[in-house]
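One chain, chain A, appears in both complexes that follow, with chain B as partner in the first and chain C in the second.
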Partner chain A sequence: MLEVRDLEAGYGPIRALDGVSIEIGEGETVAIIGANGAGKTTLLMAISGVVPTRRGSVTFRGQPLTGLPTHAIAKLGVGHAPEGRRIFPRLSVRENLQLGGFTQTNRAAVARDIDEACAIFPVLGERMSQMGGTLSGGEQQMLALARALVGRPKLLLLDEPSLGLAPLIVQKIFEVIGSLSKRGIAVVLVEQNARAALKLADRGYVLETGRITLSGSGKELSGDRRVREAYLGEG
Partner chain B sequence: MSAQFFLQQCLIGLTNGALIALVALGYTMVYGIIGLINFAHGDLIMLGACLALSIVGALGLAAVDPAVTWVAIAGLVLVCGLACGSLNVAVDRIVYKPLRNAPKLAPLVSAIGVSFIFMNIGLFWLGSADRSFPELLPSDNVLPDDWGLQFTQKDRLVVLIVVPLMVALSILVRWTKLGKAMRAVSQDPTAAALVGVDVDRVIAATFFIGGFLGGAASVVYSLYINTIGFQMGFQNGLYAFTAAVLGGIGSIPGAVLGGVVIGLVRALASAYVGERWTGAIVFAILIVILVFRPEGLLGRRVREKV
Partner chain C sequence: MTLAVLAVAPLCLPALGGALGGQVTTLFIYCILALGLNVMVGYTGLVHLGIASFFGIGAYLLAILTVPMYPFQIGFLPATAVAVLATAGIGLALGAPTLRLRGDYLAIVTLGFGEVAKVTLRNLEQITGGMKGLNPVPPPGAGVTIGGLDLGKEFAIDPRWFYYLALASLAGVVLLMRRLEGSRLGRALVAVREDELAAQAMGISATKVKLSAFAMSSAVAGLAGCLYAASLSTTADPNAYDFNRSIMVLCAVILGGLGSIPGTLLGVAILVGFDTVLAPWADSWIQQWNINPTGSSLLSFSGWRLAIFGLALVLVMRYRPAGLIPSRRMAAELHDAPEGH
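Then we have the complex of A and B:
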């Protein structure tokens, strides 16, 4: 469903991605692990058209995304819960969720999707009229995830959804991510928490300084010596 | 120095303040969405006044039956609003949009350039001398005589145009999809784009709305003050910009509050202290308020959150 071929992207003189190729199938959950600064966030931002690509291609369901503006990519069904959550701090939780459904034309359907998101994260339902910025970190992450889900994505890009959160909340978030494939949503999961990500994912890629150095099923990667030493803190 | 005199000055101040607020909204909306102080906004309003004068002259609106005067005024507001809104969008497209990712100083200096270009167009259009704007409305009092207060048809015009526009703007920003998108873009344009908001279109819409309000203000100003000139944009723009900063730039209720405060201060200062001190007093108060509340009356304290 998503095919990234030989992608090169960066900021000014810095080349953050140096010929990255990955593939994600329908309903598949794929983890991308790597150290800080390896280019994980840039990869997601390039897929979403926020960071311009210099070379290579991104194809989503047969349609080239390269060169499309970000909002058009979102409209095609690519959801993105970005690094640092980036919820709208001075909009209410309800308004944040409504904006998640911005590309939908049916208001009643958006309202239903918001109810559904609140069923998944009941705490959001209790905080509907609170400003996004007053939520705790965990609640903000749930809001970011819920906002992306209200947009009915076919592919969801998740950037460090567990960063800085308490273990119990991380567990909840990963549970929800794990349930997405049952709903037919493909997921690209970028994580520092490699152990949890690989456990959840069908497949994974290891990104090192802008290049894919390893790939395989979640199980294969968790068993790989280099992965265990570098990312799972064993060795 | 009776209470009645004081009330009268307050009434003048509120009316003037409403007009200042309408202009201040144009500054604060554009600042809120792209962080640009649009120095050309005052001159945009001057061009609106030029257009209004030409239309009134061409159609002979000064001589129409009083019964249709209000229709004529509504038409003027609409035409000048659309013209100024469109011009504002065009300027954004041609001048500011290519500079969207440039350092903040580049669009700022460009806005000063646009201001000069507008002023020269106004000079060409009106000539260098001030022009008198036809009196479409008489200055007779609409309040009962025994109240001892003056509130003329012109004052009423200001309220009748400004208040509905402000109500419409609040509804738009608060409740509509566009309004939510505008607030989202002002808080985090990238996150807004990621949920599918076309950021450039939202920015264009903001320029249009700010320009439309400016165009409406130009008509109200022309009918209220009855003198226009190619330099009118500078001083009026300065007061309105001050109102926006005083209220907290980027805040829509702040612009309205700032406009009303400045209108009141101006009226009271010129009545009790003297006309020539007005400017000094307004800006002294601005400085004092900003020393204690740098973010303005209703502005947000900027705080970096990690």
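Then we have the complex of A and C:
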């Protein structure tokens, strides 16, 4: 459903992506792993139109995304949960979730989706009228994920959802991400926690200084000697 | 609570008397102006230092559409509607090219626009009457008779008519603002203020949202301008719409509480009340007791007016940085969320 061809993007003189090509099928979960500064976040931002692309193309369900503004891409069904959670701190949990459904015009449907999100993360239901900024880090990450889901994306870009969270929370978050494919949502998961990401993903790509150096199924990659040495801390 | 205060206000009117009645009317008009500014500065977080120019544009447009000097001479209501829409349009025209600007830069552009508007109003003498302004602006309802009551005449002789008109307009604007706060657009305004990138990832067009804020602010300020010109029956001279006025309204919003409707109303009440009620009263008191026989400005209250005003602002910002009646959002004690819980 998403096809990225020969994508190049960067900041000023720095070329963060140097001809990246990846493909994501319907309902597929794909992990992107790589070291700090490899270009993982830039790849997601280039797909969702936050960072302009210099060369190459991004096509979503046959429609070119290159050059479209971020909000228009979001409207097409590409959800982006950016790095660092980025919830709205001075809006209540309910308002944060309502904003997730901003593109939907049917209010009843948004209310239903919010209820559903609260069923997945009961703690959010308990804190509906609390300001987003007063939540703990783990709760904020749950809110960020729930907010993205209320938008009913067909493809969800997740940037470091486990960053800085306690192991139990990480487990919960990964459980939810793993269940998304059953709901027909395709996921691009960018993670430092390569082991967990590859275990969860159907397929994976290894990104190194702006280029894809390896790709394969989650199992193949976790078994690969180079991946084990560089990203799984074995050797 | 805001509405309760507003509803009780008419009951106090007979006790207020004619002169004070007129000042309270002006106070209501400034409240409307401040609520308009609050849309941009409070909800959307865009600094605007030229709101008085939109106040003035509203006043002049109403005047052009109603004074005998021009051929239009349409009624107050249609003239207000046209003036409000046109002011919103001018707001959009200022907003569109400046959307990429944030913070200090936008502040400078709006400041510049305010000065340009003032000087233009002064120098376009053939159209705006220069320093004389445009007058006489006929009272609302001129020529309209309902049940033997000549509305225009009533407005001209009895200040209470204007009091109620201003109060009703203010109540309407307050209701509108409350609806806005709970609406999809209202949430989008705050979302863009909080985190523009995240807002865009939700499918919100930051461009559209900011332009809406510009248009709404300008339209409400224009409405206040129409009421102002009609209540004075003149546009007054262009200096009535200068930088000082913009800053005073901005101070009122910040003093009362950014993004807070009751706070904004209280802020205006304190600042305008201080200027138009307390300062003259204190001056006459000083004169009465003959404390200042030489007439030295060091001993008159007006001489110290701005100093006291400034000190009060500093103290409020030191001890209540979110304003006197902070909005629910600003009141939330936000700390950097601890990691890993």
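Operating definition for what follows: the second predicted complex is superposed on the first by the 235 of 235 C-alpha atoms of A that agree within 3 Å, B and C clash if a C-alpha of one lies under 4 Å from a C-alpha of the other, contacts with A are read in each partner's own complex, and residues count from 1 in each chain.
As a convention for this text, contacts are C-beta pairs under 8 Å (C-beta built on N, C-alpha and C of every residue); 3 or more make two chains touch, one makes a residue touch a chain.
Just so it is clear, the structure is predicted and the values come from calculations on it, not from any experiment.
Trainee: With the two structures overlaid on chain A, would chain B and chain C clash, or do they fit side by side?
Mentor: After superposition on chain A, chain B vs chain C: clash.
Trainee: Pick one for A:His80: touches chain B only (first), chain C only (second), both, or neither.
Mentor: A:His80 contacts both chain B and chain C.
Trainee: Going by the contact rule set out at the top, does A:Pro69 touch chain B (first), chain C (second), both, or neither?
Mentor: both
Trainee: On the superposed three-chain arrangement, identify whether chain B or chain C touches more chain A residues.
Mentor: After superposition, C is the partner touching more of chain A.
Trainee: By the touch definition above, which chain A residues appear in both interfaces, chain B in one complex and chain C in the other?
Mentor: After superposing on chain A, chain A residues 48, 50, 69-71, 74-75, 80, 82, 86-91, 95, 98-100, 102-103, 133, 147, 151 contact both chain B and chain C.
Trainee: With touch defined as at the start, can you tell me which chain A residues reach chain B in the complex?
Mentor: Touch residues, chain A against chain B: 48, 50, 69-71, 74-75, 80, 82, 86-91, 95, 98-100, 102-103, 133, 147-148, 151.
Trainee: For the complex, which residues does chain C have touching chain A?
Mentor: Against chain A, chain C makes touches at 184, 187-188, 190-191, 194-195, 197-206, 329-330, 332-335, 337-341.
Trainee: Spell out the part of chain B that touches chain A in their complex, as residue ranges.
Mentor: 177, 180-181, 183-184, 187-188, 190-199, 300, 305
Trainee: Which chain A residues qualify as touching chain C in the complex?
Mentor: 48, 50, 69-72, 74-75, 79-82, 86-91, 95, 98-100, 102-103, 131, 133-140, 147, 151, 164-166, 169
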